[in-house]
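Got a structure here, written out as structure tokens. Questions coming.
Labels run A, B, C and D following the written order; every chain starts at residue 1.
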Amino acid sequence: MGAQPTPGGLLLEAEGLGLERGGRQLFSGIDLRVGQGDLVQIEGANGAGKTSLLRILAGLSRYGFSGAVSRHAPQLFLGHHSAVKGLLTPRENLAWHIAGEAEFSADEIDQALAAVGLYGYEDVPSHALSAGQHRRVNLARLYLSRAPLWLLDEPFTAIDRSGVADLEARLALHLAGGGSVLLTSHQLVAVPHPLLRLDLATGLLQ
Amino acid sequence: MWSLFHKFGSPPWLYRLSGSILRWLLPITVIALVAGAVWGVLFTPPDFRQGNSYRIIYIHVPAAVVALAGYYVMAIAGAVSLIWRMKMADVAMRACAPIGAALTFIALVTGSIWGKPTWGTWWVWDARITSMLILFFLYLGVVALYEAYENKELAAKACAVLSLVGTVNIPIIYKSVDWWYSLHQPASIKFTGGTTIDPSMLYPLLLMIVAFYALFTCALLLNMRAEILQREQRTAWVRRLAAAGESD
Amino acid sequence: MYFESMAAALQMEGHGAFVWSAYLITLGAIVLILYAPRRREKRFLRQLEGQIRRSGGKVPGAAKEV
Amino acid sequence: MRVAGSAAFCARLLRRQLVLGLRRPVEIGNPLLFFAMVIALFPLGLGPAPDTLAAFAPGILWIVALLSNLLTSEGVFRSDFEDGSLEQLLLAPQPLYLSVLAYVLAQWLLTGFLLGLLSPLFALMLGLETGAIPALASSLLLGTAVLSLVGGIGAALTVGLRRGGMLISLLILPFYMPVLIFGSGAVQAALAGAPAGPYLALLGAMLCLAVALAPFAIAAGLRISVDA
């Protein structure tokens, strides 16, 4: 964390990653180098270990895998859970989510919420919002974060079509600015940017 | 040194090594246990205050001493597992808990039996027995935590953290229980001054303590062997071993 | 030997029952902690051997070579 | 970009935890209610004779405080684990040591601290001599802080498990015992007319040790639990 990108612009390196769960080899021999401006989609069937791989790369899983990961840049990880507290308002939730990165003013927070279509919902208790809106609170981080590498686990679930389009536009902007995105998704990602696919079954990057 | 450390991380090597150690250590342990027990029970004079019941000391004290030491062995294995992520340290830690619990159990039961002729009751909240009881709970806690985790690798890490917390706490628990006992109990029940034990009683006791340490080592190695095989059941060396139909 | 006869050793001036029962219980516990893992190991190897024979020399799921 | 300072981050976390607690006032009341109810069980079980109750009062008050702390410790990390907040906390660049300290401090403020403040009331119900009440309140304030820190270790290790509730008591109760011994010892000393200072000093020493070491164990436990 907080390390600088290598001279070659590498943000994340992984070598020979393998994972065994319950006596079954989920994947093995995964080599991955993510540089600036890379968009990587991790592909695989249900239960192939996409989320597990992402958690290993993020540093949440520390035990039970083989291989090595080196992180050269700050990361932003969005997992399955929205991390939204029902008792807090979207504004409070977002302010806390982003608190680890930097201090943001109330205006910046509100603008980010507006960008994900939550204008007018800033002060509603979050338990009154839908699952999709929770997800949007979570995605609003992407409008504030300045971490160069994003690790997104199924970012398109639970949001509607316009939300997907907004998110894709945001990803494109991030990539154009030299940022990188690593994501798992079942659907095609329509971003006008070269897409690398990592197939978990074969370990090949295309 | 470093290469030896790596060897300890290798299951087949550890399995073979433990086999050759056990081949001579196990008979020696049994002989020492029998010799110490016979010496203590039949060839020592009785205690002038407690008479013959004190002969239980030859199993009670060694079991208590080794049970406590076993907790520290477990914690050290846990620390190795956390710091160097050595899988064989997980195995050793896992193996310590049931043995330690069994030894604590021996110490508790023999202490209770000893209490009946000495104090006229099966259970006294005496400092040593109370500390032993708490140690027993600590061991059972480690076993329970291990069993509660489905992922056994994480189970071992969690138990390692717990046993390290225990090592910090055990001296505090022992001291506080000692202090609590001296506050609440009149001095009349006090016995075994400890400092003035006759050599004729001391030597068999020392022999038994050494024998119990050896017993702990044997049980630890045996448990580790069983655990290693189960963890490595899909590897070629275990398959060859099983196909050959022998265990050494 | 401290005691004059075997009977005296068993009796121990009234403390015999306590001392001997303590030793017997300990013996039982020691046998158990030494025997249980040994039995676990033997049984496991037998099981595995049976598995190998049934599947014609291969263990299902055996992947790693060491 | 300037990374948010650790102190500011912790203050924010502490405020968040307190806000979350205060928005559910009933949940703050629950441990106190539990405390009152269990206290009420003792006269029913032991008989209402004031002498008996007063003699057992230090032990009763301390044991019940310990149990109510145990019950609240279990849930410190539960909801944050379930909704994914904990993952984000572990990934934050700020030291986890300070973050978990903020968690435990918030939990203590909402349980042990309030219990310590309200304990004179319960002491009077059991007929504890008024002279021993300062010792009771101060020993509870110090002691429950230790209990919260130690309980946090159990909570961190079991938060990922489905059947954590019973397990945490098995893991943690042995570690509570020294606190119980010195806590009730302080009250008994005060009852006997002896100074309670040495006991409080010992509890204070335990608190220092717990503050220094427990957050490491809690942090390690959380990393293991989130890994699962």
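One rule holds for everything that comes next: a contact is a pair of C-beta atoms (placed from the backbone, for glycine too) under 8 Å apart; a residue touches a chain by one contact, two chains touch by 3 or more.
Everything numeric here is computed off the predicted structure, so don't read it as measured data.
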Least hop count linking chain B to chain C through chains in contact: 1
Considering only mean CA positions as chain centres, point out the chain farthest from chain D. C
Could you tell me the distance, in whole angstrom, between the mean C-alpha positions of chain A and chain B? 48
Report the inter-centroid distance (CA atoms only) between chain C and chain D in whole Å. 44
Expressed in whole Å, how far the mean CA point of chain A lies from that of chain D is 37
Approximate Å spacing (C-alpha centroids) for the pair chain B, chain D: 32
Shared-interface residues of chain D (touching two or more other chains) are 224, 227
Could you list which residues of chain C touch at least two other chains? 61, 63
Multi-chain contact sites of chain A, meaning residues that touch two or more partners: 23, 63-64
Within their complex, chain D touches chain B through residues 153, 157-158, 161, 163-164, 167, 170-171, 173-175, 177-178, 181-182, 185, 206, 209, 213-214, 217, 220-221, 224-225, 227-228
Can you list the residues on chain A that touch chain B in the complex? 23, 63-64
Listed in rising order, the residues of chain C that touch chain B in the complex are 1-3, 9, 12-16, 18-19, 21-23, 25-26, 29-30, 32-34, 37-38, 40-42, 44-45, 48-49, 52, 57, 59, 61-66
Touching chain A in the complex: which residues of chain D? 1-4, 8-9, 12-13, 16, 19-20, 23-24, 79, 82-85, 87-94, 223-224, 226-227
Taking the complex as given, what residues does chain A use to touch chain D? 1-2, 58-64, 74-75, 77, 79-85, 87-88, 92, 96-97, 99-103, 146
